[in-house]
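After this come two complexes, each holding chain A, first together with chain B and then together with chain C.
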Partner chain A sequence: MNFNDFLTMRHELMLTLLALVVLIIDLNLHNRHKHYIIPITLGLFFVNLLVGFIPEGSNTLFGGMYRTNPLLIMMKNILNIGVFIILLQSVTWLKKEENREKISEYFILLFSTLIGMNFMISSGDFLMFYLGLELATIPVAALAAYTHHQTKSAEAGIKLILSSALSSGILLFGISMIYGSTGSIYFDTITKVYANTPLQLLAFIFFFSGMSFKISLVPFHLWTADVYEGAPINVTSYLSVISKGAAAFILIIVMFTVFSSLAAVYKNILYLIAVLTMTVGNLFAMRQKNMKRFLAFSSIAQAGFILLGILGGNVMGMTSVIYFVLVYIFSNLGAFGVVSAISTVTGKESMDDYDGLYRTNPKLSLLMMLSLFSLAGIPPVAGFFGKFFLFASAASGGYYWLVFIAVLNATISLYYYLLVVKAMFINKNETPLAFFKSDLATRAGLLIAGLGIFFLGFWAKVYEIISSLSYGIMQ
Partner chain B sequence: MIQNIPLSYYLVISTLMFFIGIYGFLTRRNLITMLMSVELILNSVNINFVAFNRYLYPQQLQGHFFTLIVVAVAAAESAVAIAIIINIYRNFKSVDVENVDEMKY
Partner chain C sequence: MLTVGAIMLTKDLKQARLASAIGMGIQLIMAAVLIYLYLAERSAGNTAAMLFTYDVVWFPTLNIHYSLGVDGISVAMIGLTGVVVFAGVFASWQMEYLPREFFISLIILATGVYGFFISLDLFTMFLFYEVAVIPMYILIGIWGSGPKEYSAMKLTLMLMAGSALLLVGLLGIYFFSNPDTNHLTFSIMEISKVNIPIGMQRFLFPFTFIGFGILGALFPFHTWSPDGHASAPTAVSMLHAGVLMKLGGYGAFRVAIFLMPEAAHEQAWIFLILTSISVVYGAFSAIVQTDLKYINAYSSVSHCGLVLFAVLMMNQTAMNGAIIQMISHGLMTALFFALIGMIYGRTHTRIIGEMGGLMKVIPFLGVVYVIAGLASLGLPGFSGFVAEMTIFIGSYQHTDVFHRVITIVAASSIVITAVYILRVVGILLLGPIKDHHFLELTDAKWYERISTISLVLAITAIGMAPLWLSNMINFSLAPIVERLSSIQITSLF
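Coming up: the complex of A and B.
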């Protein structure tokens, strides 16, 4: 392995370097000047984002433990874009007095989890996969407990770390059975010998249960709402968008490669879980009054839609999942960005506080409406195309009833998304939230999310690029 | 010696440990005990890996390596979890899950 080979890991290497640089800068700054870290980190991360887009071929490192190809790089770039928007949106919150000493912690923990996700996506064997998964979840628990003087934040942290530790235990038990029955932990070897024996089926079920915790599929979703509500709002948006997106990426890779010989069996499981996840997520979302809880249940329902693409089981399925995650990042970050901007300035998080918001803060209301329409899948915006491709791939696999249930669920979801829109535009309120002006970074973050929602739908090139890259992987 | 003990003995032990861990996690009301249950689950996985490696694939060492990594990660995980539990104790003056219920539906 020479130096050039080593550089193919540039996504992970640059992030590691970035985390170290932030740590060193933080050590050398006086307490009064800690906020200088924010623009420096944002700038460096933007460079990292741009460098990530330099095209690159396929490669395998460390004897097959780490592999990379254009599609995986595309996934990492999508995550990078999402993290950049989140960093922009969290500037106002980080500048608050109570967070001054902990600014660098936020960045370092965030970058550590992103490194973990990148390694997880690139993993070529279960050891690397497990290491990446743990690196992606443990720091997030610390992030969820970030505001340690608040009881809710600590509660969210403990709920997240305990449920993720349990789920990793279940997942590992599955991996140990896979190792026992195949004698290898490498994806390539396992794919060749994996069969339909009872032990291997059981191993798959354990593995899938563990993964379901991570993307919060019903019936493994119970931690989601509590953690999302208790964690600081920017950490919540990270959890719901980046963590979930990365888990969806790795799930689709593993399903399509390692467990491809089990397709006939796992499709039945996925069918049932997809129906349950969409329905339960939607029904619980209807009765939420807290915006963070509301978005938590809406994100559970969205995870159910992702399973439709995996069920499709062809190149179109893979493409549609990646495209859907890309669209979902922009739409959910638009919604979370607005909630975050309002919560940081006023501290209000309840849906009732949004009554009459349009009269005082028209721009925020419009962006919120756009993102919610995109999440619901209303035609002109990107969310419609994301859902459309998912449904199309499931239909191409012959799952017409599932598509019918999914369309029904999309209609139900429209009801509760419109509740928020109604609160902002129609509900009368004597004392709506006062007008406020967000700072530059927040506005930039919201603007990028809004533009993404609006233009991704019309710019078919994105879908074509993802599709052509997926062909290379799926043959 | 070890040759006289069949592989299935180890697997029975590890499976028992796994489900005792799950049971403990679901029934115990003390956060520290819940963490100990998770450790039990992870250790059952370790027994699995080492036993499989020793009996079925003695020419490679993948299972042993996996065990070492799992031990290291489990240590990191409990470090973070205990830090958060201390935080909980400062806020609630208790490490009982019954008290950590500010958010429920």
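Coming up: the complex of A and C.
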């Protein structure tokens, strides 16, 4: 393996190294000094984040199993940024007494799943894809059960592992049919021979169902709310942002390459599922009082919007999905960050507890409002641009009614996002949550998210870069 | 250019109202200077459609520009906004609860409105439209009165649903903005040069027109407006009825009709019927209301309906009247809401039955109220007369039966308007004093006088000397009307 190959695989290798280093440090540290792991890991991960930005061309390794190109690197970097924000936001929570002995576990598990996602994104065949998928899923289940002495957390872990095992099974079944009918597992080969025969169609449906579980599209979404509610808040934000983002990335790659010959068929399916996902997610989100469940359903609805970009089916669609995920990472992490900061300090997670928050914690409330507006797609924050481009790409495919339904859904989502804004700004409360000052890491995490929300939209360069990279891939 | 100044203001922390007053004063002066510069440029013989244009490419791959510029119409609208916002800041001088946040939201709202009027690019226009809508929720929700949370939510959601329609329309226009080549554009001026395929126009026009129509209180999508106005704090009612509803009328002709003239001709009759329902129904509803704010809110529905009505007549005179009506109604209704706010601040009731004889105790406010009322019912000498006169003359230029009948129906609203205005004036200001507490009321403070006088001045100025305004508008309307008349008319009537 030469240096170039290292550069090609640097995201995965660095992370593996990082996980090992954390393990070794953990072994050599006395129990009282465990919390030193946190700054060290954060620093190392930041280095990893920077290394990720070294420009690098396209390359393939292991005979085509592993491939990379600037767009894929971009996706991995986006995920890295999101993970970095989550790590910052989880510092306070990790420092708690009950978590002291498990700090390194948190990091190692988190990095393992990230490695899995990176492999999944870079996969050149279905074998690598499946390996990456499993590596990305199983540690998350362990993470969801991180505070296993709490029944809910344990329940979340078992639910996640069972439902993802089932979905993996279905997915694998689909893959085996693809292999059976085409004789290959390599994306490039399959793309050329894939046709519209019944078996291959069935294979696609199995594959797509499996993926739908991961992105929690309706009707495969039922595990989401319970798992999100039970898991520790930072794991929830990881699940809803990073896992979902990575799955959306890989879905769009596969849809646009391997299954491109099925486009005429899968667009009908996607249309239906997009409408269902947005509507059901939104309608359920309206009734939620627990902030984690609330954000869970809202993130289901957001996944429906992602499908609009896939339906667009062109460079614009690909660009808008990636851009949307980038914006979504910042917006959702802003919202989750605030919920996490409040829940870590006060233990309160219900929407009613947010009544009158603006009087005591104006900065948190403002950031929460910005994030929610961004999720709802209100200008001038970034979410507006993300949504607008998604709608534009769907409209470019001629799906005007779908765009209309989607924007109506965005309006519905605005209703429940405004409920939170109303709680914070308008509702009167005799005993609002007391003022508290978050520690440096939390504030840094929130600040990054806030800056992203505010400036990403105006900064057209980001969109242009993604667009030009996607253009290179689609040709 | 104007917007940047407004954003800078939000940095101010203490003395928010002073800062806002100064800032909005500067805005007003800038608007006046803009009008002056504009007129100077025109008289110097510059005949370009848009002046003072500023254009930067924003998203090159999608050909989205940040493109600003003004013509006679937008200059007039900016002048209106300047006056109303200025008056609004003074009308909310004694804001006690969270004043800083209030003024910041107000200014964001104003920024959205200014931006909307000067945008030449559909994307930026849409962006500013939404920027103008969202602060309303917070403004009404926090500082409103009555069922404020309900009203605020209803208003926001209905306007956002409007923007849903609008977005579909705008995206459709975008993807058919240049059917021959792949060079798509959001620029209004460039799209106006191409013809969008008629099939698409038929599909997109209702989306766009209703999208803007919701903001312009088009029947049956007007229900947000009375609740919203009634619950909003004074300055917000002023700004909302005075300016924000005008975004609907402005957008309807600048985007919907200007860019899709064929479909506009074909479908105008549907919307003409709807708008004349707004006009008459709004006026009738105003008669039976007992809450001052509701009366005005329904009267706004009626008057804004008249704007859309005139726009749909699609000839030079009526459209000119529509623009003047927007400005005139903007000023009048802002004046009304300012006065209602001031009266409410004194009597703590808005039910007209509980008041009476106010002319004796607060003569200044009483007189101004009478002026506003007379202007609203179209007394010559005030702006209302000029506007309505022009609209109905323009509408009557159509010789066919349908247009004439519908014009007569709409014109009947003048009489109904007189009924509710005079009724309110009679009960509220004249007659015996019903509550002896009213005897202790004090008349307008200095800031209230600034607020009302600036509006009264503007109304009278337009009423006395409408020609410069209508010339300015006419010049910019000419290309639009030309485009409308150049196409093959396949109207049903």
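Here is the rule we go by: the second predicted complex is superposed on the first by the 470 of 475 C-alpha atoms of A that agree within 3 Å, B and C clash if a C-alpha of one lies under 4 Å from a C-alpha of the other, contacts with A are read in each partner's own complex, and residues count from 1 in each chain.
To be clear about the criterion, contacts are C-beta pairs under 8 Å (C-beta built on N, C-alpha and C of every residue); 3 or more make two chains touch, one makes a residue touch a chain.
In this text, all values refer to a predicted model and were calculated from it rather than measured experimentally.
Trainee: In the superposed arrangement, which partner chain does A:Phe391 touch: chain B (first), chain C (second), both, or neither?
Mentor: second
Trainee: So, does A:Ala410 touch the first partner chain B, the second partner chain C, both, or neither?
Mentor: second
Trainee: Using the superposition on chain A described above, determine whether A:Lys152 touches chain B (first), chain C (second), both, or neither.
Mentor: In the superposition, A:Lys152 contacts chain B only.
Trainee: Where does A:Tyr400 make contact in the superposed view: on chain B (first), on chain C (second), on both, or on neither?
Mentor: So A:Tyr400 only meets chain C here.
Trainee: Looking at A:Ile138 after the superposition, I want to know if it touches chain B, chain C, both of them or none. Which is it: first, second, both, neither?
Mentor: So A:Ile138 only meets chain B here.
Trainee: Count the residues of chain A touched by chain B and by chain C, then name the partner with the higher count.
Mentor: Counting contacted residues of chain A, the larger count belongs to B.
Trainee: Looking at the overlay, what does A:Tyr130 touch: chain B (first), chain C (second), both, or neither?
Mentor: Only chain B; A:Tyr130 stays clear of chain C.
Trainee: Under the stated touch criterion, which partner chain does A:Gly180 make contact with: chain B (first), chain C (second), both, or neither?
Mentor: first
Trainee: Have a look at where A:Leu202 lands relative to chain B and chain C in the superposition and call it first, second, both or neither.
Mentor: neither
Trainee: Indicate the residue numbers of chain A shared between its chain B interface and its chain C interface, in ascending order.
Mentor: Correct list for chain A: none, the interfaces share no residue.
Trainee: Give every residue of chain C touching chain A within the complex, in rising order.
Mentor: 58-62, 64, 123, 127-128, 130-131, 134, 137-138, 141-142, 148-149, 153, 156-157, 160-161, 163-165, 167-168, 171-172, 174-175, 203, 207
Trainee: For the complex, which residues does chain B have touching chain A?
Mentor: 18, 21-22, 25, 31, 34-35, 38, 41-42, 44-45, 48-49, 52-53, 56-57, 60, 62-63, 65-66, 69-70, 73, 76-77, 80-81, 83-85, 87-88, 90-92, 100, 102-105
Trainee: Applying the document's contact rule, which stretches of chain A touch chain C when the two form their complex?
Mentor: 316, 319, 373, 378-380, 384, 388-389, 391-392, 395-396, 400, 403-404, 407-408, 410-411, 414-415, 418, 421-422, 425-426, 460, 463-464, 467-468
Trainee: Can you list the chain A residues touching chain B in their complex?
Mentor: Per the touch definition, chain A meets chain B at residues 126-127, 130-131, 134, 138-139, 141-142, 145, 148-152, 154-159, 161-162, 165-166, 168-170, 172-173, 175-177, 179-180, 183-185, 225-226, 229-230, 284.
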